[in-house]
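What follows is chain A paired twice: with chain B in the first complex and chain C in the second.
Showing the complex of A and B:
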């Protein structure tokens, strides 16, 4: 009873923040905290409801309900609907999103309100709309609905990045984020249409759903169902569809080569960076892969591409983070890199590992961004780490929370990031050893990235908090209040301990220690659980992964060897940074990079070639199209309209104003009709 | 059913009685200068008639047709639907006329003539035989001539009235000649009787065909369709604007009511006689193409707003002719016919509103051309918004119900297999957006050469325009709920 009640209320999870959006938009000016309280109440409510549904799914079953059919009926052979799907994955994500949204609202009180910012109702309205769209995306039960909320999320991101629209940087960054992600979304949209054209449905599945596209695709591969694959082999066609949808994923999750928008997006307010560009919106991309994992698991090619993109992005972004001067830039690149890991896990067949890292990363990255926000408040909005130093004594709560998040990011045992990153690498390794050399290549890149991650993380902590203050503001920072410290403390604890939800290495030794997340994801509804995905991954008809092990170490041995290697690299990176940047007055070492320095500072010239793509190539093509449009299409249209006006003018002259002419024309017209129809009907024969 | 049966004609009776009451008032006190009393009586009468018609329609009085005087009069759901159109247009026009006529003499005559014309239209929609149809047509037409020429001191008004009368006389002659030929071929004037005669075929297909074509000529005259449309631009432009509104909305609807009734009841497409003599759906298709193309093209080059509306009215007759052309017997017939009826209903409001805006402009003396309308948006924003709604709804944009009714029409045509006709309609619709938006542009965007001097804001005329606008917009969602009434009313004709 209680369980079904929780599901009845589930739509309110997204509706509540939407209401707070309306409240802040319409009445925000008159509210005491300009809409912050409304936002906190709404996201708090969403959090409670999400937790309730999580509990309900835990004790009972998953749940799917179609709320509204907006295209359908007897005449159309497919249905477009809005509905909700509550299963272990979506409820977990709901809890994560609403927790962080709630904490970010609270933090915003300190970051925005106490700072005397203007335009706050707009800010809270946009935050509310963002939270609502993200939550709507998470519990969407079909791909089209997911796409629509995906776009809303993108819109809100645009609005929030460009929040300070009177300055030069933010509007430009907002446009960039919007355009780059939109570019990916084109492919996503085509993918959605393709899914409809192929399967006639875009349902993800769940209890009560007979034919989800994931399930039909699986049956089609084993010959139990037939679908229109437009002349391709079914597996090829499903790979194409999967890759099209992946376009949207790579745009949102800032995967190479669509990652360039995310560092620029740091122009937005820091709480926004925490919410959107660390914990939720960027997570939307990889969440979508997890959501339709049963579809990707059918195609080894798609999985390999996901893994490669992920591994490469992880390494690529980590190297750029090494030389950054602004604290938020380091975090931005680390975000890109960490999402690379999640992609690596999903592509490498580690569904649970991917979701695990998604969870821990959401907490520790939100923490790091909020910590950075706290530092930025203290530094009067100076983000340059070389102007900081020595903040450790002045802001202990921020320091220890930030340290907790940093150790998690670097992957130091026993912080949460260690457990999840280790599992990501382990899953990829064993599947790579099982006969997929491509996965091994992706694994190698991910592994090297661990070293860089350790390095840039520790460098960031040392430069920010340790040593002597290197500027006057750093010597006398602005104090922060409870509304900043409380979210930091909560997230600091979570970042430290969130790893307990899946202690795989410990479980391997002491089987009494449960793998909570593993069990949780395995107990989902038919066709949507980890167990089923594992079967798909290992089935030769589909992905066909097999597990291997390191030379004679056995399964457990491989597990510990993998953990040991990654931990060793993380520690090595951290120690190198410690050596280079310790002491009261650390020196810049970037000059030692020689020719690499400008390459890294310019982010491998990624922006440059994309700007060239936009200005050099696209503008030229657009100009050609414009010439065609104006010359030929417009010419045609103009010709038609002048012809119409000309003939209209002639027609007008028939109306002479002389009534005898009218009578004559009328009679003539009638006669013409009589003759024409007389001949046609044969009256005169 | 209703007892006594003659009560089914109550909407027409109420209008006729109101005309007589006005006559009485006027004869008691001919020199009276109490316009509010006269327009008040006319308003109450038309409102009462509309109320009765609505109640009848919604309670389904005409679901099984009421046949009176041996089938001379027939009241069914379609009759009542058209009664609603006539009376609602009349209500709005009477409301708008109050301010327009101002202190003009002979106001009682004005309202009496209008109400008598409505009586005629109501009879047209209820006629069960060709004789009644002819008399009703004349009853609707004769007062209209006088109304067009109502501004006796205005040369344009008198000239327009005379032209209207001459063309009308010619058309009536054609119509009555057509009746005689049909009688010659079938030996009866009753519509049902004609249909019965034609089931087995006809011995005189040529006579019958010419007769039918001439009947169609009569309908074309009343609906201002080609080639009988020549009177329309002149009459609409010369007439007082409320009268233009009345004739172009109500009179056109009456013409179509009669055309629907006669063609569907007396000349079913499927019957052998009609097949031999004349497939009138083809005639309707030809007339539809010619009429809407001619109306829209000519409207595009006008400088005078009222004349533009006159041609647009011709164009809309062409759209409704699509419904007639689509009654080919394939597809859902009641959908097609219902679409035509719905379009006439919506058109009744949006077109009346547009002409009343012209009436308002004439009242203010701002001039007649597009240029002279420029800048009205800032000085009279309220009615300008209403006019914008009318224009866009006439063009078929989804701001008013004109979008939906046009959509039904084209859907009906496609349904009846005439997708090419729907295509022609759509192209014409696109062209019409050009000249309708010229009005909107003049109102809101163009700067006036010299500011208008608007001294007063006539309440009744404003009220009439606002009512028309609200109904035009309100029918957009409203049609989703109530379009069933029209389709059911249309279905009665085919059962």
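Showing the complex of A and C:
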């Protein structure tokens, strides 16, 4: 009874922040904290409801309900609906999103209100709408609804990145984020249409949904169902559909080559960056892959591409983070890199590992951004790490929380990031060793990225908090209040201990230690649980992954060897940074990179080539097309019209206006007719 | 025996051609009207000649109608010529060309 009540209230999880959006928008200026309180109450309520549904799913079963059918009936052979799907994955994500959103609202009190910022009602309204769209996206039960909320998330991030629209940078960054992600979403939209055209439904599944597109696709591959695949082999077509949807995922989750918007998005207020990077915008992409994982698991090609893109992005972004001077830039590239890991896990067949890293990353990345926000408050909005230093003694709460998040990010045992990153790499390694060189290549890139992650993380911590203050503001920082410290403390603890939800290596030795997340995700509804995905991954008719082992080490040996290698690399990277940047007055070592330095500082010229693509190539092609349109197409039409104009002009000269001429023509015509008539009739013969 | 019908036809053709010649060569609108009158009467001659030839009165009746029509036409024609004169101070048909093109 209690669980069904929880499900009855579930839609309110997204509705509550939406109400706070309306309240802040319409009445925000009259409220004491300009809408912050309403936002906190709403997200707090969402958090409680999410936790309640999580508990209800845990004690009972998953739940799916169609709330509203907006296209349907007898005249069309498909239905477009809004509905909710509450299963282990979505309830877990709901809890994560509402937790982070709640803490970000609280932090905003310190970052925005105490700082005397203007436009606060707009800020809280957008924050509420952002949270509402992400929560709606998370519990969407079909792909079309997911797409709509996906777009809303993109819109809200556009609004929030461009919050300080009176300055030059933010509006341009907002436009860039909007356009780049929209480029990916374009493919996503085609993918949604393709899914509808193929399966006639876009339901993800869940209890009571027998013909979800994931399930039908699976049956089509084993020959138990037939769908319209437009002349392709079913597996080829499903791969194409999967890759189209993946376009949206890569745009939102900032995967190479669509990652360029994310570092620029740092122009937004820091709490917004925390929300975007940890729980909403960027997480939406990989969450979508996890949501329809049963579909991707059918196609080894799509999985290989996901893994390769993920592994490459992880390494690529990590190398760029190494040289950055602004604290938020380092964090931005680390976000890209970490989402690369999540993609790597999902592509490598590690569904649980991917969700695990998504969870731990949400906590430690929110923590790092809020920590950076705290530092930025203290530094009067100077983000350059070379102006900081020595903040450790001045702001201990921020320091220890930030350190906890940094060690988690670097993947140092026993912080949460270690356990999840290790599992990501382990899953990819064993499936790669099982006979997939592509996965091994992706694994190798992910592994090298661990070294860089350790390096840039420790470098960031040392430059920000250690050594002597390198500027006057760093020597006398602005104090922060409880509303900054409390979220940091909560997240600091979470970032340290969140790993306990899936202690795989410990479980391998002491089986009494449970793999909570693993069991949780395996416990889901038919067709939507980890166990089923594992069967799909290992089935030769679908992805056909097999597990291998490192030479003669056995399963447990491989697990520990993998963990050992990644930990050793993380420690090596950290130690290198420690050696280079310790001491009271660290020197900048970027000159040692030689020719690489400008390349890294310019982010591998990614922006340049994309600008060239836009301005050099696209504009030129557009100009050519314009010339063709105006020259050939319009020219043809104009030629026809001028031809008739010209001939009409000549022909009207016949009308002289002189009656005598008309009479002469009349007579002439009659005579000619008579003569012709006579010739035909043979009168003159 | 009376005059054969061919003579009438040749006569009416001659009258018609005189009228046509007048229309084609004259520039004075009044001469136009007179020429048109000649052409109409050529047709009337034909009607009466054939009526006589066939031995019934239909043709003659029609020629009466044509005369009535011609009277009406002259009335309108002279009206037009009057307006023409008022606008152009002339009854030359070649000068009234302002409405062309």
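Basically, the second predicted complex is superposed on the first by the 621 of 685 C-alpha atoms of A that agree within 3 Å, B and C clash if a C-alpha of one lies under 4 Å from a C-alpha of the other, contacts with A are read in each partner's own complex, and residues count from 1 in each chain.
Heads up, the rule we're going with is that a contact is a pair of C-beta atoms (placed from the backbone, for glycine too) under 8 Å apart; a residue touches a chain by one contact, two chains touch by 3 or more.
Only a predicted model underlies this, so the values are computations on that prediction, with no experimental measurement involved.
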item	value
Partner chain(s) touched by A:655 [first = chain B, second = chain C, both, neither]	both
Touched partner set for A:663, first chain B, second chain C, both or neither	both
Contacts of A:644 with chain B and chain C, given as first, second, both or neither	first
Contacts of A:684 with chain B and chain C, given as first, second, both or neither	first
Residue contacts with chain A in the superposition, chain B compared against chain C	B
Contacts on chain A seen with chain B and repeated with chain C across the two complexes	652, 655, 657, 659, 663, 667
Of all residues in chain A, those that touch chain C in their complex	652-653, 655-660, 663-664, 667
Of all residues in chain B, those that touch chain A in their complex	162-163, 166-167, 170-171, 174, 205-206, 209-210, 213-214, 217, 226-228, 230-231, 233-234, 276-279, 282-283, 286, 294, 297-302, 431, 434
Contact set on chain C toward chain A in their complex	20, 23-25, 27, 32, 93-94, 96-101
Interfacial residue positions of chain A with respect to chain B in the complex	641, 644-645, 647-649, 651-652, 655, 657, 659, 662-663, 665-670, 672-674, 677-678, 680-684
